[in-house]
Amino acid sequence: MAVQILMPKLGMSTAPLTLVEWKAKEGAPVEKGNVVLVVETEKIRHDIEAEVSGFLHILVKEGQEVPIGTVVGVIAKTKEELAVVQKEKLKEAVAAKVKEAPPEEAVPAEAAPPAAEAKARERILISPVARKLAEEHMIDITKITGTGPGGRIVREDIEKAVEVKKVEVEKKEVAPEVYQGRRVKSTISLKGMRKVIAEHMHRSLSVSAQLTVMGEIDMTEMVKLRQSLVSQEEALGTRITYTDLFVFVAAKLLREYPIVNSSLIDNEIKVWENINIGVATALEEGLIVPVVKDADKKSLVEISKTVRSLVQKAREGKLTPDEITGGTFTITNLGALGGGYRFETVIINQPESAILGTGGITDRAVVRDGQIVIRPIMTYYFTYDHRVFTGAVAAQFMASATQLMENPSPLLS
Amino acid sequence: MAIEKEKLIDMYRVMVRIRVFENRVYKEFAAGNIPGFVHLYAGEEAIAAGACANLRPDDYITSTHRGHGHLIAKGGKTDRMMAELYGKKTGYNKGKGGSMHIAEVDIGILGADAIVGAGIPIAGGAALSAKLRGTDQVSVCFLGDGACNTSRFHEGVNLASIWKLPVVYIIENNVYAETTRVSYAMNISKIADRAAAYGIPGKTVDGNDVLAVYRVVGEAVARARKGEGPSLIECITCRHYGHYEGDTQTYRTKQEFEECHKRDPIPRFRKKLAEMGVLPDKKADKIHQEVEAEINEAVKFAEESPFPAPEETLEDVYT
Amino acid sequence: MKMKEITFQKAINEAIDEEMARDPTIFVIGEDIGKHWGGSLGELAGLFDKYGAERVRETPISETAILGGAIGAAATGMRPIAYLYFDDFLGVCGDELINQLQMKYMYGGKTKLPLTITAYIGAGLSAAHQHSKCLFGWLMNISGLKVVAPSTPYDAKGLLKSAIREDNPVIFLEHKVLLLSRETSQIPVEEYTIPLGKADIKREGKDVTVVAIALMVHRALAAADKLQQKGISIEVVDPRSLVPLDKQTIIDSVKKTGRLVIMDEEPKTASAAAEIAAMVAEEAFDFLDAPIKRVCAPDTPIPFSPVLEKFWMPGEEDLIKAVTEIM
Amino acid sequence: MLCTVYHLGLIAYSDAYHLQRQLLCQRVNNEITDTLLLLEHPPTITIGKSGKLENVLASQAQLAEAGVSLFFVDRGGDVTYHCPGQLVAYPIIDLRQRGRDVHQYLRELEEVIIRTLNDFSIDACRDRSHAGVWVKGREIAAIGLRVSKWVSMHGFALNVNTDLEQFSLINLCGFSDRKATSISALLSQDVSMEAVTEKLLAHFSEVFDLQMECGSGILMRSWV
């Protein structure tokens, strides 16, 4: 059954709207959710999206003023249906109801000051298609010399300007030899993944209130545990890495601290049922975060195998969109990148509300029972969104993490 | 009643002028000097001459696509007519009308017309005007047998009859509407019989006998002037040329042509005038020479006249 | 495909001949269409001998009866071709044209009216005002009547066959200059038809769209050659039928070129050109890169004298001037 | 609920426009909070979809000479003039959170401006027939909006200490008889942008019930 497109009521007002522009032609296919119609009222332009996918049948032409609730168009599900609705006499019926939009509302010319009139005569000449292009590309037409008859700005003029603009943009990206007094070695233009990361990171910082908790974990037991696991590589069918272990640990903790496994969206905190842990993976051109879905429901071995294949795919650039989205928490094991004993901050992978960074495991002198002993120590840095939970929660979360990793026996039980 | 000598000679002269004019047009058209198309009147001169001899300069006529004869008979100047045929500025219509639209309202010529039968209601209108203005002007409508089958014929003649308008309808029955024989186009032998249907007098005469035409039309004109209403006169005739120049006339037999030429009104009238002692051969020949000279002058005038300036296209649309 | 050469006159003749042979309900009614002339420009030659007086019906000079009669016959099971001679004569049967042809609609669709009117159009022969008009705008404004005006023998044959098969009144306009032209075009030996309402791009170009009608198509093409030398590329669109009008083809062309000039042999006011210009301004405004231009005749009757007539008719030079004005 | 404010300072119209487009997309996908851009434009004339070039009273040459840019834009309204000394606000607000009522939104924007002006003891009002804020029949703030997928862009321009001379370049909002005014003009004393901005943010926060939080304008600018 065909779906009608009604002139919407944009809130309380019942003033008629002006139908400004159909985004699709008569009979053209339209996609659900795409803008099909632009209407205007007062000084507001409003886009109307297609409720369903199908083929558009236009009932009311552009530029007309239409009462709210008027059926201005129909979306037919099929070509056949389109043919039917196009036949319907509905068209005339509606067209009749619609009165032409009033012409210029400006006051009559004689009321205008003579000075204005004099100036108005030298009005700027620009062809309709040129004006449309200028709008699309945000071209400042005062910078353009019209080459049409009588100096009218024509399509060609705008197209040229658009070209120039493109070139300038590229120039911007390729930095000059000396940039503000500093000599440039090489310039990496912010494109592709780098641009994504940059924007992502920056956006993350600009939209959330991020704080970072840092600390050390004594990895003595974890190191033993891992060694024994590695020795069982044959049996397990996979070589367990520290990253695997951290994912495994995090999954367990996140079940105890649901708030950490959440996102703030539209002033609502959505606490996620799924525990999907992203594993930051360094690549030539930057960084990517494949996600281990439902990590809490996976055994260590399953996690290990998943991570391995994801990392493999990441390196080969074979990750599917599904494999890098839907994360609810992220782990970035900087130790794996050869990071030694150091502290740094990590940035939340939006719209998650926390990320755990782990440093390298290095032997450090620590005090145990009043004795200075040497232990394998790992640094961690846990960044969280203060809008979602407080420092107390963060502190508790990491305390539990530390406890679990310093005696991991329950992990395997 | 006797017709005075001058009138007879005038009628003869008019017939000759028409004949020489048309023969010359025939030549010049064939030579490509005259654009568009022309419909020649040669062979039917007796009707125009006989009819118009009854008219005053202030009487009206409406003519047809085959109108040169009517115009000459009503007083049209052959030089300005020829100039119009040539499409020259000096033509009666400044080159805008051509053969089928020549008009000179000052001498009562309301115009030739290329739409068959168009003159019928127009002549009625002129007559109505005369009646309303209280003059005794008469309006003569020349039409062909073909026009008698157009819807206008019924509407125009009927209206004139109920209002007793001073109109005389002169049907030039030359047997063909273009290629269509009158016998195919209507189911009666005498078109004049149709007059009965409108309650007006109807007569059929030999259109190649100028005196017969003169007499019958004369009565009709007198009747009209007296305010007794319209009359319908059918003149049987035949054209020497085709419907228009270029017409192959496959629809006419050789024999038809011969008969048509046997009935040629001009030699007939010349003979009659000679018998009456009104016009001896010498005098007649002189008339012919004078007319030849007139038409030569007319052609010369037309040839030497300038074409209108192209911009004149835009003039005369509105007064 | 096997092809053959054919003149405009022969194209008309073949179209009517083939259709009459195909459909016994078709007959021609009109003046001087009999054995002698076969239409005053000879385009019906031979049909009288082939189909006889019953189906090639000569009439007295009675336009009202011709069109009125054709309407009556069409409404009752026949498929007449009303031969109206010069379209100037349509005035004589004006009532039939503007009040009677609309029967189907007025009767709530109860009747169909399979009727084709053929008539000569156009100036160029010094035939003066009563034998030279095109009347496109006037005819387009008569609702319920389809209007066809071909420019080539190929189009003429294909369109006339479709017109005759059409179940609605169609007026098929033949330009005298084209009918008298010895020029031929290649047409398939096999039967073919061209649907009404489908424009034809007679020449592709990218700078200016020129919509030209009937004889004007040829003048536009000639002008296009000259403009090409100036480096201006003209796209010549021949609508072929004015009602229904192939808006899409015209609009698509304008979208490509951004410029529109319409060449139309009739007074500019309320002409076919005026209608096409309005349609494009209404439906493709945002694609226009220059004002729309109309190359038409002045708003005067048609003069006789060749000098005046030439001035009156739109010509190559007028088109070239209009195009250069908007470049 | 949170709203991030960015102080962009003087920024070319086209740059600010592209920035808005990006932010709008992100807002639609809930990648960012509601956002408010505060800025000034160099001398620029913008013409909305329904705008008529006749309302630009200067010739192209005159504009180029005066260094005034002219853009056609996809907002409502006719012709508007921007220049330094005018506080321009572009709220990227998610109306899905606000009952999807664009008229209401428009009225609230006007409210923000009116309250701000009241703080400077200027008595401003609406014009039923014409969106914007007016003082004694003169326009002090112009409004033009676009709403896409229920997220707003474009916004309003409040004349703080604008050179009103320049408004003679246009028929204000398409009216040849309407004049513009500014806060400084009305108080016949210079009022600083900062002062107005501060008040405006307060009222914006209050009217829209948003917790304003400052984002890095510098970083934001680096986007374009």
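Order as written gives the chain letters A, B, C and D; numbering starts at 1 within each chain.
Note that a residue touches a chain if its C-beta (ideal position, glycine included) is under 8 Å from a C-beta of that chain, and two chains touch if they have at least 3 such contacts.
It should be emphasised that the depicted structure is a prediction, and the values quoted were computed from it without experimental measurement.
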Note down the smallest number of touching-chain steps it takes to go from subunit B to subunit C. 1
How big is the gap, in whole Å, between where the Cα atoms of subunit B centre and where those of subunit D centre? 85
Where the CA atoms of subunit C average out and where those of subunit D average out, how many Å apart are those spots? 58
Cα-centroid distance, subunit A relative to subunit B, in whole angstrom: 93
Separation of mean Cα positions, subunit C and subunit A [Å, integer]: 60
Multi-chain contacts only, two chains or more: what residues does subunit D have there? none
Residues of subunit C engaged with two or more neighbouring chains: none
Which parts of subunit A, given as residue numbers and ranges, touch two or more other chains? 132
Should the pattern of chain-chain touching be classed as line, ring, star, complete or other? line
With touch defined as at the top, which chains are paired up in contact here? A-C, A-D, B-C
Residues of subunit C touching subunit B in their complex? 31-32, 34, 36-37, 40, 58, 60-65, 88-89, 91-92, 125-131, 298-301, 303-308, 310-312
Give every residue of subunit D touching subunit A within the complex, in rising order. 1-2, 4, 13-14, 17-18, 26, 30-33, 48-50, 52-60, 62-64, 68-77, 94, 96-97, 99-106, 131-132, 143-149, 168, 171, 174-177, 215-216, 219-220, 223
Which of the residues in subunit C end up touching subunit A in this complex? 258, 285-290, 325-327
Note: in the complex, subunit A contacts subunit D through residues 10-13, 18, 20-21, 35, 40-47, 49, 104-107, 111-113, 116, 119-120, 122-124, 126, 131-132, 134-135, 138-143, 146, 151, 199, 202-203, 205-207, 265-267, 350-351, 387
Subunit C partner, complex, touching residues on subunit A are 127-130, 132, 148-149, 152, 154-155
